[in-house]
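One chain, chain A, links the two complexes that follow: it is found with chain B in the first and with chain C in the second.
== the complex of A and B ==
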């Protein structure tokens, strides 16, 4: 009963929020925050109550089943809590924009449809919620109009291709199995051949790959993420693309089961290794493309594709450790990427720009946001004591254990790219000189500070005590059929090596204190102005130039030829072909009645000529 | 417990500090002799350090201070991961995979600190330093991978144990990786021909241009620890570690060769440096990893 209640409250609340906005904007905001908070509370309350709810009321003779298992609870808690955080953030960010009733309604609507996806117990229900999510996402991506419209269009076209592939797969499954219940299919999976399963998986791969933005299906993401309203970008990058990963886990490990999905393919090319290699390519190239970006949100968008690559590599490598690492990284990426997007939104709110070459020195004006970006960026890179480190370590360890030399190499090099863009975003926005025009910036509003503080705290919490969540994910892995690991609150141990965050954290803290004490030996430091520095005899000009422009220029020149997004070009080429073909066809269907009369006469004449001609022959 | 703290923690960190500074002194002396100068006394870095602490430091803000604390703290923790003549405090905490990440902290901390100094020279210095680091990190990761896969472990101590009795990695199928490591060593240590990041004549020492007083002192400590880390990594991973005297002698020999290279080569431009690093050492490291694929 509770699962239906959650969805009912969610969808109902979304609509109520809209109408509350008609009365007063205060009421709407209270409504939106309260409903997202209630959703978080309800999902916390169903922790551990794994159950299945079969609705007596059917739909087109299909049963409606809601299920709650370990996997869906994990996703549900991420979805609901991030929605709550972003809605709180939106309160001040979106203030004064138009169409806010619609915005808040859609925010809640999308997250409830994601809850619906993870709670659905039949593929039909899954598909319905999936489509609700896809379409309502389109509406919010295009919220800002202008460039956002074409970004949204790109997204929705790719989404349609994906969901069409998925629909074909679902229909085909129904024909084969006669049911769409997930548990029933997974019990009878042995009756079909491996080739059929590979075919189904390939179709689902298109559907989920588009959503998860795996290379080569990633091209919608950079446009959509950078053009959407910033708090919604946090949702997009934090949880929406994770729905694709949920789909992968669902189809590979729950429906098909690990025994079959890990042996699919030929002897040399296994299906899950193909997936892992696509993941590795998603790490390598997009991470380097991210370095070249000058728009902060576009940079983060490309980095999202790279981080999704880690998750894909982790879950598709097919070992227990890899699954734990991938799932944990998914959880972590949701947190720190949402944090980074919200921080960029906060910068954008104060300065009205997110061009990395026009900002600088904001650390003095926005210390909280700086801390957020610093911790989020460290999480992205995977500096020890942040959660990103633990999950990346687990993924690397699993790659090492399964002897994947080059996958491991790609993943490690991807981390170096992350250092580059992570540092670029920290340096170009917050360090360096503060431009004169930003001298009078006020501090962030409270409703922006709270989400940033909460998320930063979470990044560190799960970095130092990864066991809090690893234990849960370990049990999830065991319930799917993976090996069990010995997880303590501080880390994880395997037969071939262990990770202990306590030692590292303790050592790092002691070392920092030690260095601070050594620092204190010296004379008292003097604080000086930003222009009071060394310029080899001349002074540093005020606001004359920004020395972070073309920051990695020598590197660009070396790697640029390798970083063209050929897939995007290829898709654009296809789109252009379709357009020119349609244009040619349009010339025939010109809409002028006289031409149509000529066509009809011509057609008749041809038939007559043929008829008579054949007689005469 | 007391033994662990005294022996495994304090001894490696303190000796890294002393060895690093001593090597910097030797470095200046040897370079001077090659240049036909007399050069400063070998203990000059220690004297400098005391002098710097007596001078007034100028701060540019919070991260200017914190970045450099973070940097040294990162180096200290890294040292605890590297066995020093058999002593290793954090041997069971994640091995080489953690080490790769810990090595990131020190340059990143320095970069953050220098970033806040709001000086164009510092920005250029960091940009060059980061680009140089991706240059040597590509072969470095390949080298570490080839070691991990050859010895089938991520534990540092086990790799050294396997090299006992002159079974050095340098004389095994890993020799190509060893040569590659040696080729990138000058870039890691910031020696010429790869000293673009700190080029004093061009960009006023790059990132550290705004440092004075205790900041410069801390930078020198960091520099010394950095020197120790990369030299001891090479000695441990390819030359079999050894007891304290053997360990020091091996480090010293490697470093002396590095100084010779430093004192006769001119400086490369950054794009030349990255092209070199991505060509020869990377190619060797790749061949090395393929060799291991064949030998296993």
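== the complex of A and C ==
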């Protein structure tokens, strides 16, 4: 009953928020914050109560089953908390824009549909909520008008193509198994052949791959995430793409089960290694494309594709440590990517631009945002004391343990690229010279500061005490069938070595104290003008030395030729082919009545000829 | 007096002929005659539904017994169609109260003719689904067709007249073919009663039988808009007044499909022509959706979309199993309700922006918010998105297709899903135009309540049946079982 109650409150709350907005905008904002908070609270309250709720629907003998298991709860808490944080952020970011009723309603509506996805216990219910999530995110991506329209259209068409592949798989499963209940299918999985399972997995891969933006199905993501309204971009990057990963884990480990998933494939190529290699390509190329971007949100969008690659590598490598690392990275990425997007949104709110070539020097003006970007960026790169470090370490270790040295190498190169683009964001926005036009911008409003502070704190919290979450993920891994690890509040230990954040934190602390002491002992500081430093004492015209423009130009010139998005071009080419074929086809209806009557007679003749022809054979 | 199903046909027919007399008494009242007639039909049909599901009623006329009389066979499929016809007829008649206006100079006699023809069209449709005699089928079919030819030209503009003339010529070719086919059957069997022919058809094995079937498929196929017989459809549906477009797209073409498949299932039985029809259905679907993709005129988009949906329905009904027929019936319900909703909304959008171009729809989401919202619901349900009615119906079709385990059907289903993607593409583009593009004008338009009453009822039906498809799918399953079962039909009619 509780799960249905949550969904009902969510959907009802979304509609109520829309109508509350017709009465007054304050009422709508209160409603939005309250409903999201209620959802978070309800999900926290059902922690540990793993259960199933079954209803019957008289249609084609389908049942409706809502389940809560460990995997669902993890995703549910991420979805609801990020929604709450983003709605609080939107209170000041979206002030003054139009159609706000629709915006707040859709934010809640989308998060409830995602909750519906993770609470589904049958594949049909899963598909229904999946489609609801698809069209509602389409509507909200198109919110900004202009370029967002084509971005939204590209997203929804690719999403529908993925969904139709999934639909064929689901109907086929129904015909083979006679039921769509996830628990029933997973118990009876042995009755079908491996070929059939591979075929189903391939179809589901298309569906989930589009949503999770795995190369080669990732081309919608840069446009959609950069053109969506910024707080919603945080949700898109933070949770929407994770829904694809939820689907992967659901199919590969819960339905098909780890015993079969890990042996699928031929002698030379195992299916889950193919997936891991696709993940590695997802790490490698998008991370470098991210370096070349000048639009802050596009950079973060390409970086999301890269990080999803890490998650896929971790999950599909097939070892327990990899699974824990991948799932923990999923959790962490949601937090620090949302943090980064919200910080960029706050910069955009004050300066009205996202162009990295034009920003700079905002560190004194927006210190909290700077701290947010710093911590988020460190999390992205994987610097110790942040949660990104722990999850990346786990993934590297699992790759090392399973002797996948090439995948390890690609992951490390990905981190190298992450350092480049992470630093680009930090430097281009906050360090360097402050352009004239931004001399008078104000500090961020409170409702923007709070989410940034909360999320930064979370990044550091789970970086120093990873055991808090690792324990839960460990149990999740065990429930799926992976081995159990020793998890303490500060670290995790495996056969080949252990990670203890206490030691690392301690070491870093000592290092910081040492550096501080060295500074203190050294000579006194002398304050000089920033431009003296650049011009070595001689006069330089201030505006000509904007250090953030064309930041990585030499690197850009080297790698640019290799990094066009061939897949995007390919898909656009297919779309244009379909358009021109459609244009040719509509000319059948030429308007000339004589032709029409000939069509009729031709049809009659064809039937008769076909019949006589088949008789003569 | 016991309620006789024959009233379903007689009452609208009689009221249609009485309308001029009513018009002499009170000019205003003629608008309400179709409303009353269709409301009566609706209530009567719904009251028949529970009885008819298990025991179809056979109504004999003129005191003779079958096979010598003209009889009505009121089976579950017939009653479901009758409910759909009367429901949509009722709602569009309400819509027509305000939508059909003539300038004072021409007097209200033109309006009167609209209502008369409207009632005749619906009578013809109801007659087709309820009859058990093949020449009676032809007579009602002609009533349906002729009324629709004239109604397409109602606006008396160049497009309308041209479209109506082309429709007339193609329709007449079709009617001629049907008549020849009936002639062949009569020559072979000496009877016009469908049950009688069904009984005797197994004894005869002559090529004329196949020619008769081909003639029927072609003749009724023209009305049902199968490719390549549907060239009249884009012009007719886009040039007619929007209420008539709703009726044509929602009822007339489905009646054509009913006629084909009643003849095929009941008279001829399932055979190899079904595979041909399935392929034709998917070709119609693909051509319809692809042609809709590049249109600039909103009513042409909807007309081509109707063409595509008909292809889908033909495919579903040609699968040949009870699942397939049930899925096809469900898709007929979906298409009728959704397409009627779309045309009703579009009618007023065109009326207020005075243009049928897609670009004139820009920004209507702000100016006509409720209308645009209802349009969005209709569009989403046609694409097949949950939680609207289009989703369970498309799901049933895919399920029925894949259950046959025929690799040909797997390929056809994949093509079906490709067409769904294309359908999604143009509908999403239109929805973006409505809501997310700016328009120059900023005024707020309020269409009359005669738009909202029917449209909201249709939207509620879409969402309600979408959430609880079991509500009608059990009824449709039973009807499908009856439809496919030839021997049950013969048994019921002859009372043996």
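As a working rule, the second predicted complex is superposed on the first by the 567 of 617 C-alpha atoms of A that agree within 3 Å, B and C clash if a C-alpha of one lies under 4 Å from a C-alpha of the other, contacts with A are read in each partner's own complex, and residues count from 1 in each chain.
In the analysis below, contacts are C-beta pairs under 8 Å (C-beta built on N, C-alpha and C of every residue); 3 or more make two chains touch, one makes a residue touch a chain.
Quantities reported herein were computed from a predicted structural model and do not represent experimental measurements.
Colleague: Would you sort A:361 into first (chain B), second (chain C), both or neither based on which partner it touches?
Modeller: first
Colleague: Which partner does A:585 contact after superposing on A: first (chain B), second (chain C), both, neither?
Modeller: second
Colleague: Just to be sure I read the superposition right, which of the two partners does A:172 touch: chain B = first, chain C = second, or both, or neither?
Modeller: Second partner only, chain C.
Colleague: Looking only at chain A, is it chain B or chain C that touches more of its residues?
Modeller: Partner with more touched residues of chain A: B.
Colleague: First (chain B), second (chain C), both or neither: which does A:246 touch?
Modeller: neither
Colleague: Is A:382 in contact with chain B, with chain C, with both, or with neither (first, second, both, neither)?
Modeller: A:382: touches chain B, not chain C.
Colleague: Flag every residue of chain A that touches chain B in the complex, lowest number first.
Modeller: It is residues 361, 363-364, 367, 374, 381-384, 389, 392-393, 396-397, 400, 403, 405, 408-409, 412-413, 415-417, 419-420, 423, 426-427, 431-433, 496-500, 503-504, 507-508, 511-512, 514-516, 518-519, 521-528, 530-531, 533-536, 540, 547-548, 551-552, 554-555, 557-558 of chain A that touch chain B.
Colleague: Residues of chain A touching chain C in their complex?
Modeller: Those in contact with chain C are residues 57-60, 127-129, 131-132, 135, 138-139, 142-143, 145, 148-149, 152-153, 156-157, 160-161, 164, 167-168, 171-172, 174-175, 578-579, 581-583, 585-586, 588-589, 591, 593, 595-597, 599-600, 602-604, 607-608, 610-611, 614.
Colleague: In their complex, what parts of chain B are in touch with chain A?
Modeller: Of all residues in chain B, those touching chain A are 52-63, 65, 68-70, 72-74, 76-77, 80, 89-90, 92-95, 97-98, 100-102, 104-105, 108, 111-112, 115-121, 123-124, 126-128, 130-131, 133-134, 137-138, 141-142, 145, 148-149, 153-155, 204, 209-210, 213-214, 217-218, 221, 270-271, 274-275, 278, 289, 293.
Colleague: In the complex of these two chains, what residues of chain C are touching chain A?
Modeller: The contact residues of chain C facing chain A are 165-166, 169-170, 173-174, 177, 210-211, 214-215, 217-218, 221-222, 228-229, 231-232, 234-235, 272-273, 276, 287, 290-291, 293-295, 304, 380, 385-387, 391-392, 395-396, 398-399, 402-403, 405, 413-414, 417-418, 420-422, 424-425, 428-429, 432, 435-438, 468-471, 473-474.
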